[in-house]
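The two complexes that follow have subunit A in common; it is paired with subunit B in the first and with subunit C in the second.
The block that comes next holds the complex of A and B.
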């Protein structure tokens, strides 16, 4: 299984999912024209990954901004990770010090998703 | 259910659950009687999950709207500032142009006064004296300022008409 990597654009985030270390990163903006089309390959990749995950999967989410359909796709990504049994999974939700919206979004995901979500402030 | 547009494929899983439930209701004999409770449990679980997601999506959407509102307010404020700056710039330009024209007029008046009026004034001095001739020159100088204001207003009005 290969790593999943996509470079950041003005409308889509950087996606770096390393299968050998279990270190995942999503950063930047997520406002694609068609969110499901953008995230579908990643969801399919995750379907494979969860069959044989690393002992520890650490997912860093450093989003500046995301649209509503991207938030649904994020839910789908987290739901895939929820299925991992017998291995540790942690989500680190990063937000800028003065970005209350992103902080509140992280709190909302925390309530919904059955994986530890650690809130981390990026100091300006 | 008809084929949904691509963007709604984000709800593929939910559509599948709905389709399955509808199929069961349409064909109750598809499963054994005791399986209905299990199916109902699954449906309730899915509903709870979906409700949680709807709450999340609603609050995300509201926050996005707030961000848009803030961005709109910011644009409106910047637009107002830009309009004010442009008005100031136009006034400044019109003022400069008016001053230039008045200076040219003053120079013209000076030349005319030296060439045409002065010889007449020499005659006038004989009639009104030196102070009378001096008063006439001062009057011409004082009239230049209101003339500059008049010109500035005229130029501003012209600029406004062109902008419209």
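The block that comes next holds the complex of A and C.
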């Protein structure tokens, strides 16, 4: 299976999902009008990945902005990772020190998702 | 708890220098994209605090994309202005204001009104619960909306959503939504 990689655009994030190291990254902004269409290929890729995951999967989420339809897709992505059994999964949720909104979004996901979400401040 | 929004009165309360940008006319996906881009560039010029800039931009995107997702719902053939919108982005010393308006079918009004009134009636902590619940359970609609937009706007603006339905004819009304975002103080939880 191949790595999943997409360059960022003004409306969609960089996606870098490495199947051999289990290092996943989403960074930039996620404000497409149609988030489902954008994230569908990634969700399909994850359906394959979780069948044979790495011993440790580490997912860095470093978003500047995201719209509410992207937040639904993030839930879908996290739910895929929740299905991984017998291997470690951790999500690092990055936010800038004064960005209370992004911090709060991370806290919201913590309440919904049964995977450790580590809150990480990006030093300004 | 209907919050009357007098759009004309709203315009009149601003000095011309308060208006950051405004648009009035027909819209399509490209135009909404351009409005988002221009608003973002303007915001970078007027707002020094990155946290406020992000919050305002987020709300701008939700509001304009709400209009986008509403496209195609009005299928009345003989009404060329059905995709006409108004959009005003303004800043006073204390607050940012975003007003956006679009046509809605009269039959859509009760559900929309009920939804906004419900959001306005919830205290911040309850609004957070409803948001998290909707995020976890809601089904994404065909057009990409998740039913979260208005809740998110209310949470981030930390104020009540003001709105107005102005009857246009037997089929249509013009719906305007106004959001106020404090420019200096962080929003309450």
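Methods note: the second predicted complex is superposed on the first by the 124 of 124 C-alpha atoms of A that agree within 3 Å, B and C clash if a C-alpha of one lies under 4 Å from a C-alpha of the other, contacts with A are read in each partner's own complex, and residues count from 1 in each chain.
The rule is short, and it goes like this: contacts are C-beta pairs under 8 Å (C-beta built on N, C-alpha and C of every residue); 3 or more make two chains touch, one makes a residue touch a chain.
Given the structure is predicted, the values throughout are model-derived calculations rather than measurements.
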When the two structures are superposed on subunit A, do subunit B and subunit C clash or fit side by side? clash
Just subunit B (first), just subunit C (second), both, or neither: which does A:111 touch? both
Based on the superposed arrangement, let me know which partner A:82 touches: subunit B (first), subunit C (second), both, or neither? neither
Would you sort A:7 into first (subunit B), second (subunit C), both or neither based on which partner it touches? neither
Contacts for A:69 in the overlay, against subunit B (first) and subunit C (second): which applies, first, second, both or neither? both
With the two structures laid over each other on chain A, which partner does A:34 touch: subunit B (first), subunit C (second), both, or neither? both
Touch test for A:44: subunit B only (first), subunit C only (second), both, or neither? neither
After lining up the shared chain so the two structures overlap, which partner does A:96 touch, if you call subunit B first and subunit C second: first, second, both or neither? second
Which of the stretches 40-48, 58-66, 94-102 or 112-120 of subunit B runs into subunit C once the two complexes are superposed on chain A? 58-66
Which subunit A residues come up in both lists, the one for subunit B and the one for subunit C? 34-37, 65, 67-69, 71-73, 75, 101, 104, 108, 111-112
Contact set on subunit A toward subunit B in their complex: 34-37, 65-69, 71-73, 75-76, 101, 104-105, 108-109, 111-112
Per the touch rule above, subunit A residues touching subunit C in the complex are 10, 31, 33-37, 64-65, 67-69, 71-73, 75, 96, 98-102, 104, 108, 111-112
Which residues of subunit B touch subunit A in their complex? 6-7, 9-13, 52-53, 55-57, 59-61, 63-64, 66-67
Contact footprint of subunit A on subunit C as seen in their complex: 29, 36-37, 49-51, 54-55, 57-58, 61-62, 65, 68-69, 128, 131-132, 135-136, 138, 140, 143-146, 148-149, 152, 156, 186-187, 189
